[in-house]
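Take this structure first; my questions come after.
First chain written, first letter: the chains are A, B, C and D, and each begins at residue 1.
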């Protein structure tokens, strides 16, 4: 039985970790960390957990937690994990960090886009970027996994095979992404109020969103070249779900079947990636509550572009589900253990 | 391994049965019945099931189905089950009927409220009303279970202990219920279009909704007297969830603690019924996706009334979840097998 | 040209006042009061007002405002208006107070339900309860109008004719009301976040909501007796709209036509009250954006109860629209000036 | 007083025409055409119009209508207007066609994208494309105006000044558009049901949506070259609103101020186009219910692209509002008569 600690258990991603882990047969949650709700019953903060979780929220004492837990999930704001991590802690426990602290290899890029000083750059190289379908083997042996961002998971996986195979001109790649509002977190801010989000849609972080360099770095590895893209996130009046619509110019003449073969080559045996049938485009509702990524594409002969589309549940494959998938890999469990979630519809 | 057939597998209740049963470890679905989609792939109708269900939809051949299946779920319009059921079929298989055909013991009441002739009144007496928490023992041995309606499940369970203990004046009982739109089914009707439901709320079926006699009959058994109530359903712009707000005059002076003890007496050991802490009122979101019923109450000293509130997911405890719970009982499985669903939030 | 000042212009009710008054041909807004946004451009707080309102937000200097404005709207938290009002101010300007400060004639009742001390009880008797359809004549000559609450406007108007005519047993009256989320205001609180409200429904303030004594007082005047009711508000995932479903036992045998005649007697010549055709029940969407109240009823012969239903836009007839209606009356303008708003659908 | 006839008055665009025209001081609606609801009271189909519209729906007799009406709005499916128009009709009345029949000058392009034969190609050249801000003078004298599509209005106006001034490389233009569900019409189709749209987002018509050639034609005129773009529409769970996010490579080095000057040059004196302040991006809610187009942009130095964003209410500026704007121009009325609608928020 794996002993698991969660720091930041009362954010939406942390709460989703709890939802997944209480049903995971090999796991026991031993620490529900939440600075904001110390000593309060967890089920009083998330009442869906009434009679399911009896524990109270605890402060984030990393030293003590490292003793008790086989693995710690940090579902915390940027900077937290980097500020508490140490060799001593990593020698006793493993960490899956859901923040951006260890996602970007170039510390300057991190500090520029996030506007904070990185407190533990010495662990950046060791950290494994936990996009399981791409870095599976490295994750298995990692002590520290940087769990990818929600937008980035969706954006990267949607384009990855074509970047890798050199089918698309990376300099033309544009990612127009749309997210449900849980991605904005549970902080009490006016722009996230029901009446401000409902019946509304907007772009935000235009040409400046922090997930941009993460997508660029990972797709750059795939393409074998530096990648610089446009990434535009949008806020959608729904709780969960990310849809990424991606545009790129084709570098060579390819047929739909050839592209389908490429996706099949990379994802054909992936449990969590579903390349949809021809003509069927992803919808966020079809993956809601699950760890699936639904992907499809369309070639536009008129413009010589390919339009790629991907959909995930931002809290599952975009956060907690992927974190559990990483944990499963790190501890030699079946990769989909506790994650064979059937999407809920409607 | 139980072999299960579903007739009406492409309605919302049928689709929820599929969602629950594909994850049920003792069950194999052998028949996805759907008159509207015969020979089409089930996963083309409900694309969340892509790569999870490979089967195609089939017509509803009861004779053949009775051969193949240990249990048949009929998630069909009123009148269907009564028109196809027979002694021969019941001798070979069990039936959980999600329609109203066998819920009401008085065939005249059924025919009056539903406006159709009952084709198999001879099975009405045998049928067990499958509200598991109340009729558990009868369900275990039943061949034919009448799965309760969504509004009725919520309305009855919320008031049942107080009706049973004679605490409330049944002639004063008023049930004001609110439902998500999946309760209206998947039929393509203008009033159920997104733009008609969204940003809107209304009462419907005022003083005439068909779930009224079902609530009256069951609460009448509990109270030991004929019961005649007001039941008003409302349509709410959300997918899932029923909230019942119930009002009744107290027959005697009771304290909150005494009432709490009564709920505890009836529901204290029930897995699926959660009587909330004092002052915490049910919210539909806290049970979404699960088979839980959340219940609480408040006594108003000023008016000598008690306000009881209950919340369920209309597609789970209000339909498919309860149907599976009944199946578990009928086949000697643990009652919550396949139903330990953690509510999804947000 | 009436000069109008608004205190609390950046709350939802204040913003709705702005929306209505900028289109009102006899009005000029001279003061956009907002403590939270002093010196900021109003259109930066409510960007729908870009190029429509050029003014900046100002502090709430009542003395100065009384000089400049013919009428002041206080769309402020409870207690504010009572704390700043004075004979001097009332001698120079008129006030329409959208808070509860002057709605309840019994100061003890106010202080008990609102939990604050009333700072200006000397003006309570003078204040006119601004439910125009009932107190029209008194409003015309008032210096200080207490604009009714949103729930109360809907709840009172729906039952008023039957209370007045003695048709219903007031001791049996139960009001089950449902409101869109703008009623909760623009304060940044976790329970009002999109993800907490969306796909959710709950009761709140059960047997304790502050609008209860206001409804009781006004319906008490109508019925000529003390009235004590159950009032249960619910939060609905929509921006605007209140639906009140009200239940009462009939005191005498009446037909639907007789009841319809009573509604006709009181509301037949009212511009803003629409008694719907038989069998058509109010929906909040049909009044959205307008000052209409849609009302209908159904008699249940089985229980001898009448179910009355009313729908309003909580920000218009439930707040700003009614405030403008009061202003029109106070200044001798046509009562519906600036309020002939056509409901927006969908 | 202009006499106005509407054919297709019971679709969402037709109903919005009614909403706008009943408040238009120079207009009388003399014909509420609706094949589906002949002889039914219009207010029984759209109950928001109760006591506002007393008329009944009528069949679409063009000859009779041409006698009675000074202008006819055809808010009908593609092909209808072309099938009924004639020189005789145009000699007696003017037509604003909200369908696509006369939007595209090349009849082959129309027939290819719409898959139907054009019944009146002889009127295509005469028809004026009614994007008022661009073709204002031609509209004034037109007998037949082709009212632009919803997506196209938003997409074209957002990019028009930069296309016209040769700032952007038109071969790189990508339009990623998101629309509320009223754009899908009031037809009772399963994909438009509340439960299918709510909590869901998807792309549709990828590389094949019919508004593509319309955008290309109009931006081609502006740019003075043939234009071939990618246009991807998405369905969003909200009633109203279109947001277009557009990407293009800059042809020359320009500053934000220079681009702002260009927008100012074209739109600085336009009543309905609001170029937002720097750093403020359009949100659909800020234009809801109004005829405004909110536009802004951001230059991404890293990729040398400009991201342009535009928002409209699809039923107002995207359909009925623009139709009324055209009517105003055609009859010499102030262009914004009846259209000084303040956006409704929240």
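Structure notes:
Simple rule for what comes next: a contact is a pair of C-beta atoms (placed from the backbone, for glycine too) under 8 Å apart; a residue touches a chain by one contact, two chains touch by 3 or more.
Nothing here was measured: the structure is a model prediction, and the numbers come from that model.
In this assembly, the chain whose C-alpha centre lies farthest from chain A is C. In terms of C-beta pairs in contact, B-C outnumbers the other of B-D and B-C. Centroids of chain B and chain C (each the mean of its C-alpha atoms) stand 38 Å apart.
Per-chain CA centroids place chain B at a distance of 46 Å from chain D. Counting partner chains per residue, chain D has residues 12, 182, 195-196, 198-199, 237-240, 283, 285, 288, 346 touching two or more of them.
Within the complex, the chain A residues that touch chain C are 12, 181-182, 186, 188-190, 192-199, 237-239. Chain contact summary for the complex, chain D toward chain C: residues 12, 15, 19, 22-23, 44, 46-52, 182, 199, 239-240, 274, 276-277, 280, 283, 285-290, 294, 340, 342-346. For chain C in complex with chain B, the residues that touch the partner chain are 172, 174, 176, 178, 180, 195-196, 198-204, 206-207, 228-230, 232, 234, 236-241, 243, 245, 247, 281-285, 288, 298-300, 302-303, 305, 307, 309, 311, 346.
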